[in-house]
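Each of the two complexes below includes chain A, the first together with chain B, the second together with chain C.
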Partner chain A sequence: MKIFLRKNSALLITLLIILVFLIVSSRGMSTQDFYITVLRSLSAGSVVFLVAAGFSLIFGLLDVLNLAHGTLYMIGAYVGWTVFVRPDTFVDLLAPAFLLLSGLTLTGVLKRFTGKFTLSTTARRLISWGMIALGVALAALILSRYPIAMWDLENYTRGPVTFSFFADKEMRLPLEHLSFEKISPVLGILGLLLSSLIYASGIALLGRETRAVGKFNWRSIILFIVLLAAALLVIIFNTPLTEWLVKIDSTWLFLVAIIVAIAIGVGLGAGMETTLIRPLYNRPIYQLMLTLGLSAIGVEMVQAIWGRPGFIMPRPSIVKGSGEGCPATSLAGWLENKCATIQFFEGRIRVYDEIIIPVLGIIVLIAVWILLKRTRIGMIIRAGVQDRAMVEALGINVRRIFTLVFALGVGLATFGGILAAPSSGLNTGMGASLQTSALIALAIGGLTSYPGAALGSLLVGLVQQFIIKYGQIGIEIPFTDIIFKPSPPLVPASTVLLMVIVLLFLPGGIMGKKD
Partner chain B sequence: MSNILEVSGIHTFIGQYHILQGVDVTVPQGSITALLGRNGAGKTTTLKSILGLASVREGKVIFDGREVQGMPPYDIAALGIGFVPEHRAIFRDLSVEENLKIAERSKGEYLRKRDFIFDLFPDLKRFLAIPGTRLSGGQQQMLSIARALVADNKLLLIDEPSEGLAPVIIENMMAVIRELSKESTVVLVEQNFLVASKLAEHYVIIEEGRSMKNGKMQDLIADKATIHKYLGAA
Partner chain C sequence: MNKPRVSFFREYRTILIFFLVMLVLPFIIGLFEGSTPELVWNNQGTYSKFIQGLLIEIFILALFAMSYDLLFGITGLLSFGHAMFFASAAYATGMLLKFTSFPFWVVLVLIFVLSVAQALLFSLVLPRVKGITFALVTLGMASVFHIVVTSTDLSKYTGSDVGLQGYPVPAFFNASAEKLRFYLIALFILVVTYILYKSFVKSPTGRVCVAIRENEGRAMMLGFNTANFKILAMIISSFTAAVAGTLHALYQPAIIPSIADLGFTVTGLLIVLIGGVGTLSGAIIGAFVYKLLDFGLRRFIGEGASFFLGAVYVVFVLFIPYGIVGTWMVRRLGWNQACKQGWQRLLRVFKSPPKD
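So, the complex of A and B:
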């Protein structure tokens, strides 16, 4: 007991301070305001946590401070929006995506051939990057002529803002159907397949393992064929699939959007780690420059594709109801009428923002915790954070675990993005501001500590939301009759102040390791 | 008797430093071979070079009939090499049992080997649930050796097993290593010549990154001049 108290003293004192803070603040505002603000803190904290958790996993195991994390969070939101608001665009993109991925499944097989050439390192690098560039250029050329339904940034009536607006009203602008005009379907499909095979060969050549790896891998051939077949099926059944997605309940479509956003995150993460981050291990400055650069490129790309102005993300139908029986008086009532809000004392709480987001945040918190503590992969991650070389000396391929952790981390960030979108809307600055909050949460909690990331995010959420609330109702300064109303710029400043205070007393963060 | 490990003429760099400048080590199957030499002579780097943890730029490492230099460490280790590093490298965030389980190369290996391991190290059995780094120094050394026994290893690389241990515990550990050498081949790095001379049948002396002398341990024990020249104390 004594040991437990001493070891966790920082944590216990923090919890005590939170408790005192909550009690004190509960006296300054009405009960319902207090509870709602706490729920909002949980909600804001959950989103920060989804980004911070990935950050901390990646930093802990890989020693990479991924400054593109916030941008990836934003990309998750924009991708999810596309699936949700423009299912036709999403379906049109599926076939090219499958075709471009199909080559990658063959890198293992291609390695058997590329391994036969003996080349100097420089020649190998030049040729492989040349092939990758050629493949990407060919893909870009074909995609520019490939029919993909798009919004029109120049034309406001067909811009993202308008599509969002109509989707929110449950009316959809007429969607476009697939028609090959600028390129013949055969040429388009074969061209994309060829470009994918070219850059896959480049990637295969890039790998330094020249030895033929094991037996001929039938699984990758089967996966290749499955992807090809899927691409063809999506092209053939393009219209029915789009119509089905438009017709189904928007809650289901939102789930599809979440799955796609996570898949994109996992894919982007795995791709980033294997191609860009891997050559830069042990070179922290280069990693910072690379990820910072990627983040800027990501923001520019989002602006080029989705436009500069922000827009809203419609809410799924299950939290949109406002008619009879709303606001609901109980959870059962909410489920029956799909209310947007629930009556709570005299106030109302928004179901999506203040209940669903925190619940999902807590589910992710527990799921990742179980992954870390109860599975073999988690065991390897925990061991790898401490001593990578020893884990490798046990015969474990840590690289594969690195890729997995990076993919998981980015997947959590894109999940956070799509989850936050309906409540916070989409804009090109959302990534940067959330990344700052997540970094502050991590500094407070201890950079590589997973529970620290959760605690830090909670603290950041609490401070932000209470300052916002006090901005509305004002704080009575004790012993004076001044009522102080924190202005909005104080919200980010307050979390920085909190970080400074915590780091003054605990330089390693609340749950940080001492060494 | 065939050789399970043949290291010939390896040159190893750590960063820009040319640490090994021609090391040859031949290890006959089923024996204990000691790498001897002063601090910083390159003994640990030799072990790391065998495992691929340090990059070999020249020369060959042949393990069990396969050239392994240049392969990634996890592939080399998976061929059947167990590593007991200096300072033990116990995983702090893993319990004693997890420290053993993580060394599994196939599912259920730990369960199959458990009884054998706890026969050798009865102490460990009592502390399975606590974090590995809460064990005493001697117990951590035992855990580190036990970890190398979970997978089926033909070769054990043991670095400085007696470092920082009390004499009684060293005796105990020597008995364990002798027991292990019945099953697999052992390469030992040892500063303590008394320990090395009692355990090993063969020796290789490494000095300034080069292997200087090798042969049978009983010949070295008689050769006071060599001991004095390379190892300092007799």
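So, the complex of A and C:
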């Protein structure tokens, strides 16, 4: 018992402080306000946690401070929005995406051939990066003529803002069914395939180990054929697929959006790690520059594709109802009438923002916790955070685990993005502000500690939401008649101050290891 | 410590050449647009004045980046709050000139005191936190400063989001009337700072700072009180950044709050990374590259400029691994040899023409 107390002293003190904080703040406001604010803090904390958890896993294992994490969170939100509001664009993009991916499955096979050339390092790097650039340029050229239904940034009536406005009102604007006009289908498909093969061989040439792979890998060939077949199927059944996606209930469409967002995140993460981050493990500070550059590129691309003004994302139908029986009086009533709000004391709480987001956040928290604590991969990750060289010495392929963790971390961030989008809307600054919150949460909780990330996110959420609430109702300062109303800039300032105070007393964060 | 005496001019050859080139550059550019040196001297010639303005901004950035390099590249302290040194000096200059009637040298003394005070404030946390945690704590402090500057409650003094405007600039430092003089002052300060920094790094004190970067435990074991050296580096760096901030306040018509946020610290970091960490001269070269890239891309591409800026960073990281100066130092030997061989091959072609 004594040992337990001493070991977890920092955690216990923090929990005590939270408890005192909650008790004190519950006296200043009505019970209903208090509970709603706590729920909101849980919601804000969950989103921060989803970004912070990936960030901390990546920093812990790879020692990479991924400053593009906030941008990836934003990309998750925008991709999810596209699937949810414009299923036709999504279906049109599916086939090119499959084609462009199919080449990548062959990198292992291509290595057998590229490994035979003996080139100097400089020539190898120049040729491989040249091939990657050539492949990307070819893909861009073909995609510009490929029939993809798009919103129109120039024309306001067909811009993203209008589309989400009408989708929110349950009225879809007519979707587009484009056919191959500017380019013949055969040329389009073969061109995309060729470009993917070109950059795949560039990536194959980039790899440091030049030895040919011993066994011919049939699995990758089969995967390649499956991807090709999927692309062809999607092209043939384009229209029925789109119509089906439009027809199904928007709750299911939202689930599809979540899955696509996570898949994009995992793909982007794996791609980033294998091509860009990997050459930089021995010069850590330049990773900052690289991720900053990638972040700038990401923000600019989002602005170019989806436009500068922010827009809303409609909520899925299960949390949208407002007709008879709403606001619901209980969870069962909500499920029956699909209400947007639930009656709660005298006020109402929004189901999506204040119940679904925290619940999903906690589910992810537990799932990743189980992954880390109960599986073999989780064991390797935890061991790698402790001592990377030792794990490598035991004959475990740490490189593959690196890619996996990076993909997992980015996937969590994009999941957070699509989850937050319906409640907070989409704008091009959402990534940067959330990344700051996540960094603060990590610094409070301990940079490489997974439970620390959860605790820090919770604290950041609590402080932010309570300061916002007090900004509305004001704090009575004891023994005086002054009512203090915190102004909006105090919201970020308060979390920053909390971070500085915590770091001064516990330099490693609450759950971090002590130096 | 018996090292061969190298004459001052030989030791600082490159920076002196840089000084001379920069000295005559406005006049040469003046010649290209058809205005005589005399006209340029009297602040005529639009194009020459425009280039002077661009170069003044580069010099200020270079000063700022060099101070960051002393802290991060030489002493090994990664701080994310460096913009605070710069911005607080800029704001202090503006506010002292606007709301008080102190003579200018008093303002300078007060700014010196302010910069030392800030360095000591940062040093308070030095013994407790290290590495990335130190970066985060300094980021926190600088963010508080940024929030104070932008808060609406103090807009009477700081101008909040709009920035501080309309402060009187002493006639001697008036950049709009006497641009060439300001240009020469900025250039002189930059060159002197560079020479002082170089000699600091070569002095025994500077060597200890480098030792702290390489292995703090070992430096401690040798009997150096590393905390004092870190505080010294912090004070020097803070003061240089403050000088840059003062120059910025004098040169620009208004002080906008964006110089106080994390983005500006990151600008300094990027300049140092582009030029080469721990090289000092890299900060100057990096500032040139950064500002010219930024300016050129914004001028010719417009809205999508930061896309290309980001792409340039990525390409830089992949192909110029240690920054411009750093990579040059690493590869110099190989290149020197290649150059020499190529030169000899060329000479041989001329010396003995192949016989038929």
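Everything below uses one rule, namely that the second predicted complex is superposed on the first by the 515 of 515 C-alpha atoms of A that agree within 3 Å, B and C clash if a C-alpha of one lies under 4 Å from a C-alpha of the other, contacts with A are read in each partner's own complex, and residues count from 1 in each chain.
As a convention for this text, a residue touches a chain if its C-beta (ideal position, glycine included) is under 8 Å from a C-beta of that chain, and two chains touch if they have at least 3 such contacts.
From a predicted model like this one, the values you see are computed outputs, not experimental measurements.
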Simultaneous placement of chain C and chain B on chain A, clash or fit: fit
Partner chain in contact with A:Val500 - chain B first, chain C second, else both or neither: second
First (chain B), second (chain C), both or neither touched by A:Ser9: neither
Touching partner for A:Leu394 - first (chain B), second (chain C), both, neither: first
Touching partner for A:Ser330 - first (chain B), second (chain C), both, neither: neither
Which of chain B and chain C A:Val385 touches, first, second, both or neither: first
Between chain B and chain C, more extensive residue contact with chain A: C
Which superposed partner A:Ala296 touches (first chain B, second chain C, both, neither): second
Touching partner for A:Thr31 - first (chain B), second (chain C), both, neither: neither
Computed vertex angle (chain A) for partners chain B and chain C, CA, steps of 10°: 80
Superposition-derived minimum Cα distance between chain C and chain B (Å): 11
Chain A-touching residues of chain C, taken from the complex the two chains share: 78, 125, 128-130, 132-133, 136-137, 140-141, 143-144, 147, 150-153, 266, 269-270, 273, 277, 304, 306-307, 309-314, 316-319, 321-322
Residue ranges of chain A in contact with chain C within the complex: 65, 125, 129, 276, 279-280, 283, 285-286, 288-290, 292-297, 299-301, 304, 439-440, 443, 447, 487, 489-490, 492-493, 496-497, 499-500, 503-504, 507-509, 515
Complex interface listing, chain B residues touching chain A: 51, 53, 71-75, 77-78, 83, 85, 89, 91-94, 98, 101-103, 105, 147, 151
Chain A - residues contacting chain B, complex: 209, 211, 376, 379-380, 382-383, 385-387, 389-399
